[in-house]
Amino acid sequence: MDAAATPEDVRRVVASVEGLGYKAHPIPGSQRTAIGVTGNRGTVDSGAFENLPGVAEVIPVTAPYKLVSREAKRETTVVSVGGVPVGGQRITLIAGPCAVESEGQALEVARRVRDAGAQLFRGGAYKPRTSPYSFQGLGEEGLAILKRVREETGLPIVTEVLDTETAELVAETADCLQIGARNMQNFSLLRKVGRLRKPVLLKRGMSATLEELLLSAEYLLAEGNYDVILCERGVRTFANHTRNTLDLAAIPYVQRISHLPILVDPSHGTGKRQKVLPMSRAAIAAGADGLLIEVHPHPEEALSDGPQALLPEMFAQLADEVRRLAPVIGRTA
Amino acid sequence: MDAAATPEDVRRVVASVEGLGYKAHPIPGSQRTAIGVTGNRGTVDSGAFENLPGVAEVIPVTAPYKLVSREAKRETTVVSVGGVPVGGQRITLIAGPCAVESEGQALEVARRVRDAGAQLFRGGAYKPRTSPYSFQGLGEEGLAILKRVREETGLPIVTEVLDTETAELVAETADCLQIGARNMQNFSLLRKVGRLRKPVLLKRGMSATLEELLLSAEYLLAEGNYDVILCERGVRTFANHTRNTLDLAAIPYVQRISHLPILVDPSHGTGKRQKVLPMSRAAIAAGADGLLIEVHPHPEEALSDGPQALLPEMFAQLADEVRRLAPVIGRTA
Amino acid sequence: MDAAATPEDVRRVVASVEGLGYKAHPIPGSQRTAIGVTGNRGTVDSGAFENLPGVAEVIPVTAPYKLVSREAKRETTVVSVGGVPVGGQRITLIAGPCAVESEGQALEVARRVRDAGAQLFRGGAYKPRTSPYSFQGLGEEGLAILKRVREETGLPIVTEVLDTETAELVAETADCLQIGARNMQNFSLLRKVGRLRKPVLLKRGMSATLEELLLSAEYLLAEGNYDVILCERGVRTFANHTRNTLDLAAIPYVQRISHLPILVDPSHGTGKRQKVLPMSRAAIAAGADGLLIEVHPHPEEALSDGPQALLPEMFAQLADEVRRLAPVIGRTA
Amino acid sequence: MDAAATPEDVRRVVASVEGLGYKAHPIPGSQRTAIGVTGNRGTVDSGAFENLPGVAEVIPVTAPYKLVSREAKRETTVVSVGGVPVGGQRITLIAGPCAVESEGQALEVARRVRDAGAQLFRGGAYKPRTSPYSFQGLGEEGLAILKRVREETGLPIVTEVLDTETAELVAETADCLQIGARNMQNFSLLRKVGRLRKPVLLKRGMSATLEELLLSAEYLLAEGNYDVILCERGVRTFANHTRNTLDLAAIPYVQRISHLPILVDPSHGTGKRQKVLPMSRAAIAAGADGLLIEVHPHPEEALSDGPQALLPEMFAQLADEVRRLAPVIGRTA
């Protein structure tokens, strides 16, 4: 309450709290009175009180998520993607091109990243692009190529699902459905994917708080899909030396609050090839459960995001460094 | 090019530029050589050059949008929403509750904002909510109420379209389809709405640059829908005294670059009722073509966003202030 | 407290609070217990509790500033700068070049802005520059020119004080000491200037919260200097269409919390000449007590910040628009 | 140039460029003409051209720093702090309390961090505090304690210099002068410290770009002081799960552009004790030359920044993990 709030103001807030079926706990202080609210399930809409006379501020205390929280499930979730565990003792490497461009390109990358140690293949058939004039992905043809990649290499497939219309089609091919940063709060898509019962890789939005990321994951779990993997991919800030600012402190934060595994995408997180290797090491050292890495055999010809793609031999070096880091932090790779 | 780049490095970049069908223009300086690229249509993917030896930086110069730009169309677009012009001489006031909660609530608000001077009614039947446990809107029942509002008050309807599944249904009722901040880069939705041929109100994403906003509008125009209204609704920054930071300089920037009209939503832009009135005045003074205002008869009982809703009498005061401001800046209201 | 906190955890926190001489108020809820703390003067260092077992979060409630707050002084402060009131009914226009470059330049600008309606002259003799190789101001020679400007035009002088060494020297000439954004948390300078008993114009730091701005002002008042004028000059965000993002909602926020007057600097706030006029109007419409405007007769030759300086005739137009806006919002100009 | 620029516009810009003694290189494209500028030493003030008719944008290409750049000095600088090399093969651990509170506290921490592997001791005698009512440090008494710490433990001392008045006094005691984030652009202090010829630890400002950080370092080198160590300590963003967002990609960026060593301060960078250990590992894995860690024997009683201070035994664990990480990335510790 405001320092100038009257006893009448306090009574009015208490009545308003109780009118909503909650309990009100006034705590008089030397300068002002605070009123605790309990008995709520889920968030209390602060609008109910914020504009009553004498109210200075409404401060939420209860966490708004349930199913994703460690309070709901103590042990860390391990998600099986086509038989590959994500979130357990072993660090998971997911690699592949930003976009599937041709069968030749996809197979070449897949074989090389598999040989270097990747356990899952990533590649977009449907691409979200800022400009309508940019390459938008091969679509169904891309999905067919991804199937071939799995047959040829044995690598399970992680690929992006862009919208509800194509979600089922993509789910027929994918072993794991990726929801991109721009769709993190596309709630219709979250609900649809939550009902598809395929593992989901949910990327953090460009300016999403971790609370918002976890609430988007909550949409998936609330539909019955518990196989959710989170992914930090950098946030938008004033800093202009990288494309995004990779927020690695998200890893220990998420791991304390939630039981879901969390990966890092240093390719989008930096947007610069030369930064991918050091930031991959940093992500693993911070405790990430794995990495999502863009690899292209000829980045200068890539139809999207070439500047951040590693060459296959750079990915091999990355995988090697991860293998050497893993035991230092009590993991395997 | 890097200061240490060799003539061979320069030749290699020139060859690479020409290999893509562009022209290369090397400009030797005292410390380093710059290479201009021309002849491109649309953006050149900087990945093509950024990783060649000796290249220090790739700097895009050409604007990536076409149809939305003033270079494409000199005169400012006026969009007719159910007969109400948006973008012309007259300032447009759009008002209504965040969410349609009942026929009584919607009609009460509609009559009062119409009487106070609003020309269009806003109200959500489908609501995007951060938490799956929050009120998600009345859906089809809400659309039926919106139809009743138009019949009773004569106000054309602006309402949000959340996804491609419900887009046609919403378009049957709406006079203008609102695309929310979280969906600004939902490209499938943009394409779908671009084909519906209803006026569109496109809100700036929470951390979207103006270039990204204009490119999202470009998606709509590229599908043939030229009736697009932009809306600044605040961006996410470190500043914590408002829910978002209202970026009013976006108005003159957009007006210089693009022919599309631009409104301001000070309700979301501040998230605080007490800030809506001063920021509404500021938006109009900065040149906005209109305002989008949340009004609720009993904000403390609102099912969403109560703290930022104006009481009807506050909206009447706002409309009055806009009317007095308009002639000072050469507009009417 | 954490949902899993034991009664023993609660007792330990209560004991810790009381050990510091405060009162503890445990409020048991259905899922977790909150503990209110009262009896503190000033902020409680949350470190005292944050790491005790079972503590989930420490949330500060008491405002940390005293002398700058409206709770300390209800009526708005009017600061007299060389006889010109800042913060009262009348809107104050402060104009002049970024840097004093020569007597001729300064006098020409001063005469023209005075004739157009400016009440105070601004111009830097000591300039903070990002690069050591940029023009750093004329120093003492600049101060001598500023004195001449006041003698010739009658305009009181606002000029920046860069450091404690030159503070007294600058104070001999200045009618108002400007503390720049980069020095907003230069606490030694704040203390020094707080003891000089000249009016102070304190600019918001590039990423300062309003709480931090008010606490920096508190440093000045705590030294006995109550003649403090605040200034919003844009904050640093991801948005790249202006040099900074002008945060006009700071105006009503500061006016509610504090009794100090607040100006806006749209020149730095936008960094673009074409944006200064619309954002000046917006600032006044939002309730600002005045404007700080950069004016240069030949901006293309300016030694600093040319791109944001208005031509004198543009300033005259701006002053004219402010005069027409003022009565609409119940002010004079 | 704008697409609508006339040949006359182009000639005017060329003349303006040449009038400043530079060379102009017009490059006609299919849609617009670009004009390259060369022959400049240091930055060209874009104000000279930005407002000429037909000019669309001025894009700086030349890097504005000289002495700090790798182009000026290829080999990485190793700074000797009281005999301890910073920036070489060996990772440097700097540890100690946020503020020196008493001789007992300082000595206890110093002995324990030395025994755990710290090579340098940090501790503030002069503290910059957001509020004038917070503990401001012990001042000269603190410096005397720091001398005792060095005598007793042999650890060279890193301590903050707050202002030009106390700079020489602090320099008599300190082996390395720390310039805090809030003072990164206190140019008077930079110049003063640049002349003191003691090693300097320069922290990145809260919203400083890396270009600004390097230009602030350039101030020090331009005064003749080449013993400069940079420090990433987190930047201010919308993200609210940590006190600041630690921007580890700054490390490889700085190492590519500059020859100066760079450390990381995960204590301020996260503001949360539980995040210090994982982010320390991440910083080392990303290539940092060392760490700056706050350690306090009784954080719950710390007079400042208790929540982010490690207990001595936690620091010992951190040092141990760094020792195990170092060989994996080709360093020693």
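In order of appearance the chains are A, B, C and D, and numbering begins at 1 in each one.
As a working rule, contacts are C-beta pairs under 8 Å (C-beta built on N, C-alpha and C of every residue); 3 or more make two chains touch, one makes a residue touch a chain.
All of these numbers come straight from a predicted model, not from anything done at the bench.
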*Tell me, which chains sit next to both chain C and chain D?*
A, B
*asked:* With contacts counted as defined, which of the two, B-D or A-D, has more C-beta pairs across the interface?
replied: A-D
*Which whole number of Å gives the spacing of the CA centres of chain A and chain D?*
31
*asked:* Can you compute the centre-to-centre distance for chain A and chain B, using the mean CA position of each chain? Integer Å is fine.
replied: 26
*Approximately how many whole Å separate the CA-defined centres of chain B and chain D?*
38
_Residues touching two or more other chains, restricted to chain B: which are they?_
207, 236-238
*Please give the residue numbers of chain C that touch chain B in the complex, ascending.*
207, 209-210, 235, 237-242, 245-253, 256, 269-270, 274-275, 278-279, 281-287, 321, 324-325, 328-329
*Residues of chain A defined as touching chain C within the complex*: 3-4, 23, 25, 27-32, 34, 36, 38-39, 57, 59, 61-62, 71, 207, 236-238
*asked:* With touch defined as at the start, can you tell me which chain A residues reach chain B in the complex?
replied: 16, 42-43, 45-52, 58, 64-66, 128-134, 162-165, 182-183, 185-189, 206-207, 212, 215-216, 218-219, 222, 236, 273, 299-309
